[in-house]
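These notes concern the structure reproduced below.
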Amino acid sequence: MSVLTPEEWEVLLLSLKVSGAAMACVLPVAFALAWALARWRFPGLILLDALVHLPLVLPPVVTGWLLLIALAPNAPLGRFFADALGMTFLFRWTGAALAAGVMALPLMVRAMRLSLEAVDRKLEQAARTLGAGRVRTFVSVTLPLAMPGVLAALVLGFARSIGEFGATITFASNIPGETRTLPLAIYNALQIPGSEWQVTRLAGLSVLLSLLALVLSEWLARRGRAQGMHHVL
Amino acid sequence: MSFDVDVTLQRGGRSFEYRFRTEKGGLTALFGTSGAGKSTLLDMIAGLVRPTSGRIAVAGETLFDSAARIDLPPEHRRCGYVFQDLRLFPHRNVRENLLYGWKRARPEHRWLDVPTTLEVLGIGHLLARAPRSLSGGEAQRVAIGRALLSGPRFLLMDEPLASVDAQRREEILRVIERVRDELRRPILYVSHDRSEVDRLADRVIPIGAAGTTSPPAP
Amino acid sequence: QSEGPLVLAAASLQEAMTAAADGWAAKGHPRPRISFAASSALARQIEAGAPADMFVSADEPWMDEVQTRGLLRKGTRVSFLTNSLVLVAPRSRTQAITVKPGFPLARALGNGRLAVGDPAAVPAGIYAKQALTRLGVWDSVKDRLAPAENVRAALALVTRGVAPLGVVYGTDARADPGVRVAGTFPASSHAPISYPVALLATSRHRDAEGFRRYLLSAEGKAVFRRFGFGTR
Amino acid sequence: MSVLTPEEWEVLLLSLKVSGAAMACVLPVAFALAWALARWRFPGLILLDALVHLPLVLPPVVTGWLLLIALAPNAPLGRFFADALGMTFLFRWTGAALAAGVMALPLMVRAMRLSLEAVDRKLEQAARTLGAGRVRTFVSVTLPLAMPGVLAALVLGFARSIGEFGATITFASNIPGETRTLPLAIYNALQIPGSEWQVTRLAGLSVLLSLLALVLSEWLARRGRAQGMHHVL
Amino acid sequence: MSFDVDVTLQRGGRSFEYRFRTEKGGLTALFGTSGAGKSTLLDMIAGLVRPTSGRIAVAGETLFDSAARIDLPPEHRRCGYVFQDLRLFPHRNVRENLLYGWKRARPEHRWLDVPTTLEVLGIGHLLARAPRSLSGGEAQRVAIGRALLSGPRFLLMDEPLASVDAQRREEILRVIERVRDELRRPILYVSHDRSEVDRLADRVIPIGAAGTTSPPAP
């Protein structure tokens, strides 16, 4: 399409890649955390809860800075990722995805936890008596009943990751084609006087992306409802 | 022996004690006032509530034994449990509810086929419906069907016919009698309806008032 | 190597550095990739060991910081650009103001605020504070500031008419048609505004030194002068 | 206490004031929006939904910039607030509260919507037959049943507002004692080489604040559970 | 007249029609197969389901009239509705559930006091408990108590005794008889238990099979 300049295309696709990867990696982690917070009772619970909220409370730039300190090539954690998994984050799109994922985490955990806590445990019991083990019960009963929370988590997380700026620029820098996502491109445009039109176009792209995610999620929710999940969706 | 129960349970400051044995096969009715602990007993046999101590065996298989540290998970106990509060899966339609246990049962364990179940329970026209849109009696019949189709080794039925009309009740009672006599599956049956109990039960276990011991049945 | 060197540059240099990179690329070299961010963020990335080739800072302290840690390639640091500090007003405002010791800045503000880069953080704001103090007007306006996240944001406050006056770099004022330079601060009223460039110790890119030399060459400096920077 | 410098005290109290005011003002608005999205079906639904998500999707600086344009003294909306309500936002702590509230809005709406959609309408019907009108039914049945979502919304919103930086500095500026909240003070410290210790102290304060909010909310939730709200909290 | 009903309802592709009148006072039993539409009728009288068209009046007061555009909201109909699915408020304990309608009723409308209710229903020891922890029969009795205490002008009871044991049932039946005879409140009563209906009902309205018209009772 010619409505977008090549650079805009590049930025758009990169943003999609970064947010997509962030969601794919963070979803299971966030779900596991939500599960632990909803179902387990252990002494460190509130500390874990606080830790999950951290990226929400701290200014994004500080989160980015902490990531930088933790994952620097010469830091222990950074060395572990580099040596054991061959993953480096600094100045890489994977770093942008990590930053976006970390910033989205608290929102996703809360939404899923809310839905998990509302699941009627008696229905899980019924599934067990019908021969479903823990895992099958989880997959066939708990997860579908918590689906509204999972969908909400995905929408919130995706939107948040599309808009993520501070942690990304601090941790992954602002490298064209590698870590310059939509918000960073907007930041660049904002530095140039008289570039309102470009800012508007890029912001419009962000809005469009998340509108798509929103429509998709509402459609999925509606499909769920149509299948009889009246009171859950 | 069908049911061999000797357990105690401490809950909410009350203590429940159950001790009874029944001969092989047949239908055992639990009779007792509201709040006596009938549903609690079924929950323990199904593996949903853990007794404080004691032993539960059904048809020769030990399901729970606090001394021997045996506690079979519910999914391995193969009980067909019709819950007092039904517990249909709200996110699945009637067909999926009915087949939930059936799909998971080994073929050689299934002893009732789907068409017969639909026929007897009169729920063939409800297959595509959401549980939430069912009438009270319709939901109850689906819950019965779901339990029967899971190929259970024994049945736990908690007032399964409370909201079922007289005519349908007759047909369902006949099925239960067949399960009892032909298949010889042990059945534990809770009902407040004297005539139902008189007709079905080979024996009646009285569940005493709050917290008292149920003496072993003869 | 098909990819150009990775340059970390202060955000306020964006237009000029981009033009310089274009000029370099036009000579047949791979185009340098430039990451624009606050100098502080870039310096921290360098300290964390990020693999870049060149750093262009908007002020000297962050370059000093990086240098003390031994992260610069020896002998490559040069302060090559200068800038001026100006007082700007919205285009619509015609009244002239002479910037001199004790000039009536507070009165000129009316009940509005003076847009500046945050004097506690942003280099432009730090220079502004020095200049206003030297001219003896700081005390009369220090409670009437609108400190912004960076110079461009301060400029935008004036462009939008939210603040009646602002203190920004000459380069910023020049680039924005929405504002008018109401007066220029004497160079003696603040520490020299200078932009240092240096190669990083970890740089492996064979083009990096070439690009640095280009920036310092007459041709490179001409590019920066086009955008209003002074060179030395 | 002497562990904090006077400036740190000032920043801390200001942050509390700003976040507190933001929560107080945004909570009813967010609830009304959650209600509309959960209960009504109207054509513009998905657009309203998208609008609510906007501050999440856009980089915070852009949101601040939009607020600036909308509420500048010479903009129609800004003039309306100034003339009709005597409220000005620019360079005022009210502006910081507004920015924080707007940024927290999407998170709060989602959490409450999730809980509202899970409320069993049949219980509301029961309340009606027992003589409770719409309002009483809402207050005595719907709201308590949606309480987990309201609590989650408050925790998320408060945490988000404590961490809000980009929109605040763009819209309300960084004025000591007026709009310099914790994240802005942290930003200042971050710009100065060698100020890591100060950044850490201020970040620690942020974390402490939201930890308090978290503990408070868990305590409230537990109290709710103790009162028999087993399946809702 | 107690109940004067003449309504139609279109729902889920089916059409329901109800037409009957009953004389003043007394207990009217609804009898019909599961899924015939008994609960649906009660919902319409309570104002929870809106009929497609028609008219509903109870004890001389018009509650709904599609022609006259009358549709009293549920809270002004003053019906004491015992739901088939109970619908106890899960976030309030038994005491608060019981008093929910009582508090909102005008003092002169209340015709049953709290101690009597607790006594008859045998739920005095449950006041501080959460509904979720009640046994099936206990919950049902709380639901009955909540409806009676709201000072209703008439009662809608949907299988109120399904899970109540024989002894307690007897006591509750006696209260219902008193309401019927001494207070002369109109009662609409759904039950599948023939003996209950025989004992209580002054008249029986048959609710026909799926979608058919219920002919007016004599």
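Each chain carries a letter (A, B, C, D and E) given by its place in the written order, and its residues are counted from 1.
Just so it is clear, contacts are C-beta pairs under 8 Å (C-beta built on N, C-alpha and C of every residue); 3 or more make two chains touch, one makes a residue touch a chain.
Predicted, not measured: the structure shown is a model, and the values here were computed from it.
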{"item": "Neighbouring chains common to chain A and chain E, by label", "value": "B, D"}
{"item": "Chain pair showing more contacts of the two, A-C and C-D", "value": "A-C"}
{"item": "Remotest chain, chain B as reference, centres from CA atoms", "value": "C"}
{"item": "Centre distance in Å when chain B and chain E are each reduced to the mean of their C-alpha atoms", "value": "30"}
{"item": "Length of the line joining the C-alpha centres of chain C and chain D, rounded to whole Å", "value": "36"}
{"item": "Inter-centroid spacing, chain C versus chain B (mean Cα positions, whole Å)", "value": "79"}
{"item": "Separation of chain A from chain B, taking each centre as the mean of its C-alpha atoms, in whole Å", "value": "45"}
{"item": "Contacts with 2+ other chains: residues of chain B", "value": "85"}
{"item": "Multi-partner residues of chain C (at least 2 other chains)", "value": "153, 156"}
{"item": "Multi-chain contact residues (two or more partners), chain A", "value": "61, 65, 187, 190, 231-232"}
{"item": "Chain pairs that touch, as defined at the top of this document", "value": "A-B, A-C, A-D, B-E, C-D, D-E"}
{"item": "Residues of chain E touching chain D in the complex", "value": "46-48, 73-75, 77-81, 83, 85, 87, 89-93, 100-101, 104-105, 129-132, 146-147, 150"}
{"item": "Residues of chain A touching chain C in the complex", "value": "61, 64-65, 68-69, 72-75, 90-91, 169-170, 173-180, 187-188, 190-194"}
{"item": "Chain A residues within the chain D interface of the complex", "value": "46, 49-50, 53-54, 56-62, 65, 106-107, 110-111, 113-115, 117-118, 120, 148-149, 152, 155-156, 159-160, 162-166, 182-183, 186-187, 190, 199, 203, 206-207, 209-211, 214-215, 218, 231-233"}
{"item": "Footprint of chain A on chain C - complex, ascending", "value": "6, 8, 11-12, 14-15, 33-37, 41-42, 44-45, 48-52, 150, 152-153, 155-156, 159, 172, 175-178"}
{"item": "Residue numbers on chain B that touch chain E, as the complex places them", "value": "12, 32-35, 38-39, 84-85, 133, 135-138, 141, 158-159, 162-169, 192-194"}
